[in-house]
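Notes follow the structure.
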Amino acid sequence: MILQKKDILGIKDLPVEEITIILDTAESFVEVSSREIKKVPTLRGKTIINLFYEASTRTRTSFEIAGKRLSADTINISASTSSVVKGETLIDTAKNLEAMNPDVIVIRHSASGAPHMLARMVRQSVINAGDGANEHPTQALLDLMTIRSKKGTIAGLKVAIVGDIAHSRVARSNIYGLQKMGAQVTVAGPATMMPRDIEGLGVEVRTSLEEAVSGVDVIMMLRIQTERQQQNFFPSLREYAQHYCLSRRHLDLAGPDVLVMHPGPINRGVEIAPEIADGPSSVILEQVTNGVAVRMALLYLLTGGKQ
Amino acid sequence: MILQKKDILGIKDLPVEEITIILDTAESFVEVSSREIKKVPTLRGKTIINLFYEASTRTRTSFEIAGKRLSADTINISASTSSVVKGETLIDTAKNLEAMNPDVIVIRHSASGAPHMLARMVRQSVINAGDGANEHPTQALLDLMTIRSKKGTIAGLKVAIVGDIAHSRVARSNIYGLQKMGAQVTVAGPATMMPRDIEGLGVEVRTSLEEAVSGVDVIMMLRIQTERQQQNFFPSLREYAQHYCLSRRHLDLAGPDVLVMHPGPINRGVEIAPEIADGPSSVILEQVTNGVAVRMALLYLLTGGKQ
Amino acid sequence: MILQKKDILGIKDLPVEEITIILDTAESFVEVSSREIKKVPTLRGKTIINLFYEASTRTRTSFEIAGKRLSADTINISASTSSVVKGETLIDTAKNLEAMNPDVIVIRHSASGAPHMLARMVRQSVINAGDGANEHPTQALLDLMTIRSKKGTIAGLKVAIVGDIAHSRVARSNIYGLQKMGAQVTVAGPATMMPRDIEGLGVEVRTSLEEAVSGVDVIMMLRIQTERQQQNFFPSLREYAQHYCLSRRHLDLAGPDVLVMHPGPINRGVEIAPEIADGPSSVILEQVTNGVAVRMALLYLLTGGKQ
C-alpha cells in the first residue's frame, strides 16, 4: 500500500487508512534505530530540506536523524540565518528551494496554513512540522503510534487532553487523529484557554482536571506555551499549577493502566509533577523514540516507498 | 581539460577558456540533479567548508546541496555561532581551518577582498561566494550558463543590467563575464547608484530603464540591497519602483525573445512586477537550478576533476 | 586495548593507561586526514550529537569533521536555535536526545559539571567539549599528543602554563594531564588570575613570565577570555600584554627547542607576539590538526573500537 497524498499537512484531511499505513510502516522502522548500524540505504540520493521558521530542538533533530538513518542528504535552514532577513516571501523561498530539486521539504512556521501554501507552490512533498496554532501532524502520529503500541488499539479508548487547548496545534491534531481512530476525547483547561469552536470538534469539555481524568486510559498533557501567548490567560504559573498540574492523585482517579503523555519540552511542576513525568505511567520518552520512526515512515512513504 | 587556478575568487581574473570549461562541466552535472538517485560518488572523502560571515539561504544551500550530491562531507560555519564572537581574525580562522585538512573553503564575507586574503593564506582551494561590493563569481557563472543554454551563445548578445550597480557584486561579476564572452553590456539605474569608475568598465550607461532595455536580448535586474546601504540613494522604494520596476511595457521594448533574470531574493513590485517575475520570459528559477550545477562543477574541477 | 569508561568527562579521573591508549589511537588516525580520500567506514550507522551551549568554531568543527571522516552521522544542536529558548532543563534535553538513540553526545556548556550530570542521565557516551572553568579534556589530550609527537615523551619535561589560570578549563585539564604523564608544571599569571587552590594542584607558581619560562621545554599560552570575565582582573589589555605577552626574549630564556602552544583563538599582541605565533617554535597549527585525530580516536574508542 502507498500514500495517496503528495503532502502531510494535517490530520484533519488524512484518511484512517493512510494513518494506519503510516503507523504500520513506522513500527517496522523502530528496529532500525536499535541496531548496531542504525542506517538503511533506502533514501540514498534523496534530498530533505528542514525549513524551520521557529526554533526547535526535538522536531528538527528528529527529522534530521530520520533522514540520515535512511541515508538521505539533509539540509537545515533556520530563519535566523537565512534570506528571511532579506525580506524574501515564503513563496519565493519555496520556488527557489523547488528549483534545487529536493525530494521533501519539512516546514515549521508560526503562521497557520504556511505549509499548505508551500505545498500548492512546489511539486515536492511537504511535511508540516507545526504551523501556528493549527496542526502538528507528525506529533499526533507519534502519539497515536505510542498509544497503539501500548494499548494494542486506539478504538474505544478514553483520552483526556489537558492544558492550553486554544493555542495548541498538538491538541488540534490529536483531537482529529484520536477521533478518527475511534477514541473518545475529553479536553480540560482554564476557560480562557478553550477555543470558541471547541464544541464543534465533538469533544467533551471539562474545566476540572479531576473530572477530566477520571476513568480515562490516556492523559495527554500540553505544554504551557508562554512564548506564544500575547496576553495572560491565567494569573500566574503557580495558580495554573494549582489547578492543572498532573500529580499522583489524578493518576489514582484514572486507573492503574493509564498512560501519561507530553509532547515536550516539559515545564516540570507546572504541567506535570516531576515524579509523574519520570514515573512508570509515563510514556514521554517512548513518544520521542517513536517520533524518529514516524518521521522515517513519512519520508519513506512520501518518496514512493510502499508499506 | 583542467582548471589552472587553485581558487575561484572573481570573474575579472578568470580566462575565457576556464569559464568555458566550467560552463561545459556544469552542463554535464545538470542531469545528476534530475535523477531518481541524485548523487554521484565523485567527491567521497573530500571535506567542503562553507564559511559564511553574511546571512544567506540560497547560496549556502546551493553549495551544500552541490557538495552532498557529489558525496563530499560539508561543514557549515556561520559567523553568528562561531569564534568570530571571540574576536578571532579571519587569518587565524583560516589557518585553523586549513589545519583540519579540508579540500575547499567557500567563503562569503562583507569585506571586499576577504576571499583573496584567505586564498593566499591557505593551501586549499577557496571559492568566493560573495565579498562585499566586489564580486560574486558563482552567481555570474550560473547567469552565463543560463544565458548560453537559452540563447545558444553569449557572443554578440545585448544585455542590460539594471538597478544598484554601485553596490552590486552581482553586477560587477556579470559585467566582467559578459564582456569576456563577447556580449555588449548596458547598465541602468539612478545616478546615485552608479559607481564612479563605471566608464572604465567599458559599458554603456543609461539612466532611463526604457532606453536601457530597448532591443536587448537579456535583462538582468538587481536586488535593492537595503541592508547594505548606509545612506539613502533614492527618496523611497515607491519612487524607485516608478522608474525602475520592470513591467510588461519594458519587455515590449526589448523584443519577444528577451530573457528576464534576477539573482534573488526578489523584492516584488520594487525591482520587477510579479507577473514578469513569474512570466514566460523569466528564467529566474532556471538560474537557481543552474546554480547547483555550476557549484558542483567548481567543486569537482577544483579538487582535480577533468572536463 | 579498550577504554574502560563510558564517558570522557575530564582528565582528572582518566588513568594514565587510558590516556596512552587514546594518544596511540589518535596517532593512527592522523594519516586518515592526509589521504586523498579522507574517510573510513568505521562509524557508519552511528549518530553523534554535538550539543553546544556556548559558541565555538574550532571545537565543534573539529568534532564534526572527526565524526564525518569516520562515516558517522553528525547532528549539530546550538543553544540559540534550540528548545533552550523554551526553557527546557538540561536533564529533559538529555533524556530526549537519549530517546533518539544517538551513540555519542558531545557537550559544551558554560556550567561546570554539566557534562557529568548529562553522563549520569543517559546510557550513551558523553564527551566533555568544555564545561565552564572546570575541564576541557579533548584540548588537553590534543596538547599531550602534540608534545609527545614533538618531544618523543612527556615524562620529565618542564612545562609553563601562562595566563588566566583561574578561569581556564584548558589550564586545569592540562595540569592534570601533564602531571599524570610525568611532566613538571609551572604556572604564571597575574595574582588576580590565580585560583585560590593552586598550591593543592602540585604546580609551581610564578608571577613573572621570565621566571616561569626559563629553562622549560614547553610554553603553553592561554587565551584571555574576556567574554567569561565578570570583573576586570587587570587594568587593561595593554598592561596585561606588557607583562605576559610571549615574545622573542622569552624564547631565548627557554632554550632553542622550546615548543610554543596556544589553544586558540589567539589574541595576537596580547598573549603572544605575532612573530612567535607564526614562528618555528610554534606548534599551534599542529595542535589543531591533532585535535581532529584525538576526537576521531575518542569517537572510535567510545563506540567500542579497540586500540
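Order of writing sets the labels: A, B and C. Residues in every chain begin at 1.
Following the convention adopted for this analysis, contacts are C-beta pairs under 8 Å (C-beta built on N, C-alpha and C of every residue); 3 or more make two chains touch, one makes a residue touch a chain.
Being a predicted model, the structure only gives us computed values, none of them experimental.
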item: Copies subunit B and subunit A - interface residue numbers shared by over half, same or different; value: different
item: Superposition of subunit B upon subunit C: rotation angle, C-alpha, nearest 5 degrees; value: 120
item: Distance between chain centroids, defined by C-alpha means - subunit A, subunit B (Å); value: 40
item: Junction residues of subunit C, two or more chains touched; value: 80
item: Contact set on subunit C toward subunit A in their complex; value: 44-47, 49, 73, 75, 77, 80-89, 92-93, 95-102
item: In the complex with subunit B, residue positions of subunit C that touch it; value: 33-39, 52, 55-58, 61-62, 64-65, 68-69, 78, 80, 223, 226-227, 264-268, 285-286, 288-289, 291-292
